[in-house]
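Below are two complexes that have chain A in common, paired first with chain B and then with chain C.
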Partner chain A sequence: MGEALLRTNGLKTHFFTAEGIVKAVDGVNLRINKGEALGLVGESGCGKSTLALSILRLIREPGKIVEGEIWFEGEDLLRKSDEEMRNVRGAKISMVFQNPISSMNPVFTVGSQIAEAINLHQDVQKHEISERVVEILDKVGIPDPSERMKDYPHEYSGGMTQRAMIAMALSCNPRLLIADEPTTNLDVTIQAQILELMKALREDFGASILLIGHDLGVISEISDRIGVMYAGKLVEYSDLAGIFEKTKHPYTQALLESIPRLGTEQERLLIIRGTVPRLINPPSGCRFHPRCDHAMKICSEQEPPLIEVGQGHEVACFLYS
Partner chain B sequence: MLEITDLKKHFPIRGGVLPKQVAAIHAVDGVSFNIERGETLGLVGESGCGKTTLARTVLRLIEADAGTVRYMGRELLKLNRKEMRKVRLEMAMVFQNPGGSLNPRMTVADIIGEPLDIHNLARGDERKRRILELIERVGLAPFHMYRYPHEFSGGQTQRIGIARALAVNPKLLVADEPVSSLDVSVRAQILNLLKDLQKELGLTYLYISHDLSTVEHMSDRVAVMYVGKLIELAPVKEIYNNPQHPYTEALISAIPVPGQRASKKRIILKGTVPTPIDPPPGCRFNPRCPYTKPICRRVDPELIEVKKGHFVACHLRK
Partner chain C sequence: MIEPSCYERSNDFMPNRLSAKSKEETEEVFEPSKATQLYIVWRKLRRSELAVVGFGIVLAVSIVALVAPVIAPYGTGMVGRSRRPPSVEHWFGTDAAGRDMLTLVLYGARISLYVGLAAVFLNVMIGLAIGMVAGYFGGAIDEVLMRITDVILSLPELPLLIVTVTFFETRSIHVIVLVMGLIGWPFMARVVRGEFLAIREAAYVEAARSMGASSWRIIIRHILPNMFSTIIVIASMDIPWYILYEATLTFLGFGDPLSNSWGVLVQKGYLYLTSAWWMITFPGVALFFTSMGFNLFGDGLRDALDIRTRGR
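Right, the complex of A and B next:
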């Protein structure tokens, strides 16, 4: 096992709403090694984006990180002051969001927004900044970067805006890049371009990647290991082969069988009965038990711990303990 | 069942001091195809390629500029409003955004009952009986009848949308990205429901989507659109195993497969989809095509049959 870059210990992020406490992330232990790409999959509302925002400490009221530790390069991010956190965000950990157009400021040029990030975090002479901007835009494949850096975000297409976002995120050589559904709004051929770019940049920059998504196909393109989340919990965690070939958790199995696969003839798709539970009042014990075909008595009584069932393959299910 | 010939729809762009037409968006630009009774025709293409406009033009939710649409032997584009209303009884549409396509101030019973009222299909007890039947058919429970759309999850709202579409007893159902806003596990429920309904009710589907995996799962034949043109049409297995158009080939190679690093050969297209305002001359795909020949920049290729039931519009395949 490689050296850990980021580790969360029993991380809990809850939202205190008028209706009750939403336990969006409820005791997650996650580990990302140096130079590794970790894919985090789950359906909407399972807490994967909240987990990412917690790592950057960008959780807003009424949300709060209530428990746990986030170890990054030997320091607990949760003990850092706001000032210290500002030096982490953008410089050491940066993030790319799902909707690139709305994550850019429409009244500044793309170039000036990237320059701002460089200026804030790096000790670079003024005249060198624009050279850096051109260089980084060129790296992410923006044609004619010295001209296009003067454009405003609305003059870019969806795929180009996402490239510019990635350029901004990489402009300060971060150790960790968090990408939250980076290709969800893009067309298939553009998605392929962006995935190809992320793969190439990973080799160039040597950054670790936390890729969040719901599409198992997209996730498998880039990730070395995959974590599956369900209702605020990590339920399975393994390398690609472990998740797809030696699938352990009933939820992961069901998820894999419910997607239409190319080149296979499936008359019917497997259906996971019921719906994703509300996180205000999640089911007792294992949160998947009301929808699970293998549920036993213990599943509704106790929460299954995440245990190792094979080389680097962890699963939270009583079938295996 | 449905025969579409050379259908065109251009949207004018007005501008200047005295508003006049300065340009046009060639959303659908000469599209011809058939849909056979009982089949599912999948229509794929990237955003802005005109697939939704095509569907709406066929149903006459927007008026076509040129071309013909023959439905069971009748020319739809020539019918007057009253006649068209009768034909609409046989066609229905399911929309992409189930939440947004349902009136938030109406109960489920009223939403499903509205088409019955408009077309005067059922009243009183008969109306209620029919609504209950539809609700159960799409997998909802009778007690859902008097609830409002916001009380339902995404998958359930799509079920309501499907129940509403079925209210008029349609023969043709146009489903425009019916599952793209849904989660993976819910998506499977809706796809299975659509397949069951097709079998039970003998429906014909026009299934529109950008997601090639679900299109493969649902369709008997697949049509591929690119910037307002149909560029390939073939039976589903044929198009996925033996794509003839370079765009289709790239599109299929770009689908990420779960559990696979991109080990297979992937064709990465350069650039982006051109705007339909001023499409490139000749074949519209030529600026991005890896095999462009001089003729591709000049002459727009016609859709020709290269193999039984396999149509393609490309100069390379002549």
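Right, the complex of A and C next:
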């Protein structure tokens, strides 16, 4: 196992709403090694994005990180002051969001926004910044970067805007890039391009990646390891082979079976019955048991701990304990 | 109607834009190219004939105000006989004191524009400050500020102006402007607060935060600039209101009788309505066209400055 870059310990982020406490992230232990790409998958509403925002401490009212630790390069991010945290955001950990087009300020040019990001964290001369912007836009594959940097975001296509967002996120050479469903709102061909780009950039910049998505097929394209989240909990965590060949958790199995595949004689795509439980009042015991085909008596009574079942392969399910 | 996207795209090949991008911009790459943005706004403004008419009037009045001493045929003192009808020497006639009406109307543009611009400027400043504070801090501060705003908004503006003006011993034109500034801000404060709360939730604000921008920086770089178009539009539509309010106040006897604003001229002309129609007519027409011009221009700006549709 490599050296850990980021480790969360029993991280709990809850939202205190009028209806009750939503336990969006409820005791997650996550580990991202240096240079590694970790994919985090799960259905909508299972707490993936909340986990990502928690790492950057961008959770806002009524949400709050109530418990846990986030260790990053030997320091607990949760103990940092607001100002220290600002020096982490963008410089050491940066994030790419789901909606590229609305993630850019409409009244400034793309170039000036990337320049601002560089300016925030680095002491660079004005003319050098311009060179840096051109360079980084070129790296993410924007054609004619010295001209296109003067364009406004609405003059870019969706795919180009996401490239520019990635450029902005990488502009200060962060150690960790969090990509929250970076391809969800793009069409399929552009999706593939963006994934290719992230793959290439990972080698180029040597940053670790936390890639969040709901599509196991897409996520596995660039991930070394996969974490499967369900209802605010991490239920399985393994390298690609472990997830695809020695699948343990029934939820992961169900996710795998719901990936459409060419050339197989599957008549119908499997649908996981039921929906993600409301996190205000999650099911007792294992949160997946009401939807699980293998549910046993113990599943509704006790919470399964995350246990190691193989080399670096952890699963939270009573079938294996 | 031409499809807006190709309409704007053809923009790329327009010589204006190319030339605007050539020299100056290579040096100052990171400033939003003002020329290009203004040009886009102008193109959109031009689509509406009424807006162009409004712009023409606003431009004409502004020029008149600037060069009044140069183009006025006489000085503002007595230059002829009292209450002479329009003639070759005095195109707009003369008033009761024997002053040239054309000269007075031309000079009046200065006062009216000053009143409109200064009152709106005060409104914007006060409204921006109060709206931003309310939006940023929220909670009790927001509640108190917005209730004060509501109270002022709920009172009819003209009586409130009259009452407030009477608190001041001198009634110079500057006092009138100050009072209008003190009373007119609530609407601006409301709008600013609303915009602030809306823009704060925008994805690009979240993205800026994720890049490590401080709250202060987010307000200055991201929230304020995105409010500008709204503020400009409201301001431009408020200007005629203050010009008219000043005239109304003066007409009712609460203005600055020494200022020679259009309102003062109308008020004096009213006394001679039956014997010297030109004394009330020409300043009245000037008031009418100026306020209409600002209104049309403001309307056009509202459509042209809408960022969500700009350039698409």
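Methods note: the second predicted complex is superposed on the first by the 320 of 321 C-alpha atoms of A that agree within 3 Å, B and C clash if a C-alpha of one lies under 4 Å from a C-alpha of the other, contacts with A are read in each partner's own complex, and residues count from 1 in each chain.
Here is the rule we go by: contacts are C-beta pairs under 8 Å (C-beta built on N, C-alpha and C of every residue); 3 or more make two chains touch, one makes a residue touch a chain.
Source: prediction; values computed, not measured.
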Which superposed partner A:Leu216 touches (first chain B, second chain C, both, neither): first
First (chain B), second (chain C), both or neither touched by A:Glu155: second
Touched partner set for A:Glu245, first chain B, second chain C, both or neither: first
Touching partner for A:Ile21 - first (chain B), second (chain C), both, neither: neither
Touching partner for A:Leu262 - first (chain B), second (chain C), both, neither: first
First (chain B), second (chain C), both or neither touched by A:Met165: second
Chain B versus chain C as contact partner of A:Leu78, first or second or both or neither: neither
Touched partner set for A:Ala115, first chain B, second chain C, both or neither: second
List of chain B residues in touch with chain A within their complex: 46-47, 153, 155, 183-189, 191-192, 195, 210, 212-214, 216-217, 240-241, 250-251, 253-262, 266, 268-269, 272-273
Chain B partner contacts - residues on chain A that touch it in the complex: 43-44, 157, 159-160, 187-193, 195-196, 199, 214-221, 240, 243-245, 254-256, 258-263, 266-272, 275-276
Of chain C, residues touching chain A in the complex: 21, 25, 29-33, 202-204, 206-214, 217, 221-222, 225-226, 228, 307-308, 310-312
Partner chain C, residues of chain A touching it in the complex: 56, 58, 83, 86-91, 94-95, 97, 99, 102-109, 111-112, 115-117, 120-121, 126, 129-130, 149-150, 152, 154-155, 165, 168-169
